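See below for the structure under consideration.
Chain lettering (A, B, C and D) follows the sequence in which the chains are written, and residue indices restart at 1 in each chain.
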Amino acid sequence: MKKIIVGVMGPGANATDLDVENAYQLGKLIAQAGWVLLTGGRNEGVMDAASKGAKSANGLTVGILPSSDTTTASDAVDIAIVTDLGNARNNINVLSSDIIIACGMGTGTAAEIALALKVNKKVILLNNNQPSKAFFHSLAKQQILIAENPIAAIELANQLLANLN
Amino acid sequence: MKKIIVGVMGPGANATDLDVENAYQLGKLIAQAGWVLLTGGRNEGVMDAASKGAKSANGLTVGILPSSDTTTASDAVDIAIVTDLGNARNNINVLSSDIIIACGMGTGTAAEIALALKVNKKVILLNNNQPSKAFFHSLAKQQILIAENPIAAIELANQLLANLN
Amino acid sequence: MKKIIVGVMGPGANATDLDVENAYQLGKLIAQAGWVLLTGGRNEGVMDAASKGAKSANGLTVGILPSSDTTTASDAVDIAIVTDLGNARNNINVLSSDIIIACGMGTGTAAEIALALKVNKKVILLNNNQPSKAFFHSLAKQQILIAENPIAAIELANQLLANLN
Amino acid sequence: MKKIIVGVMGPGANATDLDVENAYQLGKLIAQAGWVLLTGGRNEGVMDAASKGAKSANGLTVGILPSSDTTTASDAVDIAIVTDLGNARNNINVLSSDIIIACGMGTGTAAEIALALKVNKKVILLNNNQPSKAFFHSLAKQQILIAENPIAAIELANQLLANLN
């Protein structure tokens, strides 16, 4: 039976220390909730930290890789999906996630949020980037939820999942 | 020999009257400059209007369709590229364009801008949406150019093309 | 740590009774070996039967769906990857699988075998279709392995995995 | 208004001398018929030769590139579509072509033929590879047409186009 997948999207090399810390906590909490973690799969930044957090709590981790092999995958990814689609794989990240949490901000993350909004999905934002919050609110106010920290993000995820079912 | 391709990205059904008017002008000016117009190809909003503008000046129009056939293509598209990729085709729009002009704003357009910035491309913004300008500036200031009207957008395109060569 | 993924590719609605029976056995044997099963994810034919076989042995199943949601997913898929790529998703099936077993034959299966050979992967063929064996042998003899039944296919998979490591 | 697009699919570096000669003739005849030529766009083999043939008759050429930029594009491609999809772009080649001619044989070409048959498109085969003809006939007899030379292929294309309209 289909497992619940929570996607954590965020920067790779440009992630801040706080993004990485938050991502690790998110991954851990997602695993503790019994959900599958999905990320962009690479061995950097938010993708890597969230996957490691999930593994620290014995979770299951899926990585949707942009590349044509697994050489750049995070060691903490269990299921490596090799797409060879470059950034077009961002759309798969979004479509495959029952819940989407954007941790931090960057160009790839912004694309993922926009693609999620495009198909009427809700997105939980966890960052200190005011312009991003103002912009995505202006695009699709009903679909944007703001979390102040990882625990609040997971509470919002729980509420959204309750409404999905 | 490879022709210069100028991509005009913008909303479909949610385009404003001004977006549509601007898109038509952009298409016409692009054709008059001897460039190929590329859009998302559908028979709505900015895609349709830009293609019609280009055809009014005997230009060549390419449409990168998200669907699996050409039934939703604009009548003004000459070369219909059928991707069956859904919104993942947005990345092709961006990668195939030498110059990218975002006319209006919406979730799909935001995704295209973000994907362009991700691969270090410059984007010319033509809209009245202040939050989008503030946000994309905050993401990648050097890559964002603001145009007040279609003529200014084409002037910026000319400058960017001069620098590419 | 990355788990071993074995992909079982085969027809959907056009699968024969023998294909379906073989697929179920393959899924079961893959799960018993401790590997993850990957299929095209839909609720038909080889994809569905292999997934059910794997679940009968408490395996983990991944489905790479061509569609934009999970409505056509097999009930036996644990991890549903929603690609919205149509048949372009066949390339992901192939790239994500450490071992590829083609169970039965059809146009989609033929595309997957060809895409696997294109990137120098080996493919285990389990079918009674002589023209397919002759053709793929002629394309890439070294990469084609013939299995007479599911147990033989799994033995070949074991040998290939030993060589990969 | 949408132009007629004829796709010529065939090997790159592994094309035979006859494939290359045939591809050049096909490109030339396609251009003379007033159709747009579509290929996989790279500067090798059938893609390159067909594009050069079309340009020798002042045709318009489209190349659907697998790569993330145009550095590997044939000089004879006018409209370079940059997909960054790797071999997944083969599906776009097929879907965008009103008529598909497979010139020569190889793993990529086989994938394209199979993908075309999958969506019920007809394919004109121009090659000396008997196993491929036997196999694709066995898969979808009604959709496979055999041409002995480029002129015969173009005659078949004309007949198919007459039936499409």
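Methods note: contacts are C-beta pairs under 8 Å (C-beta built on N, C-alpha and C of every residue); 3 or more make two chains touch, one makes a residue touch a chain.
Given the structure is predicted, the values throughout are model-derived calculations rather than measurements.
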item	value
For chain A and chain D, chains touching each	B, C
Farthest chain (mean CA position) relative to chain B	C
Chain A and chain C, separation of their C-alpha mean positions in angstrom	28
Distance between chain centroids, defined by C-alpha means - chain B, chain C (Å)	40
Residues within chain C bordering two or more other chains	68, 84-88, 91-92, 119
Chain contact topology (line, ring, star, complete or other)	complete
In the complex with chain D, residue positions of chain C that touch it	85-92, 105-108, 110-111, 114-115, 117-119, 129, 131-132, 134-135, 137-140
In the complex with chain A, residue positions of chain C that touch it	1-3, 5, 36, 60, 62, 64, 68-70, 73, 75-85, 91-92, 95-96, 119
Chain A - residues contacting chain D, complex	68, 84-88
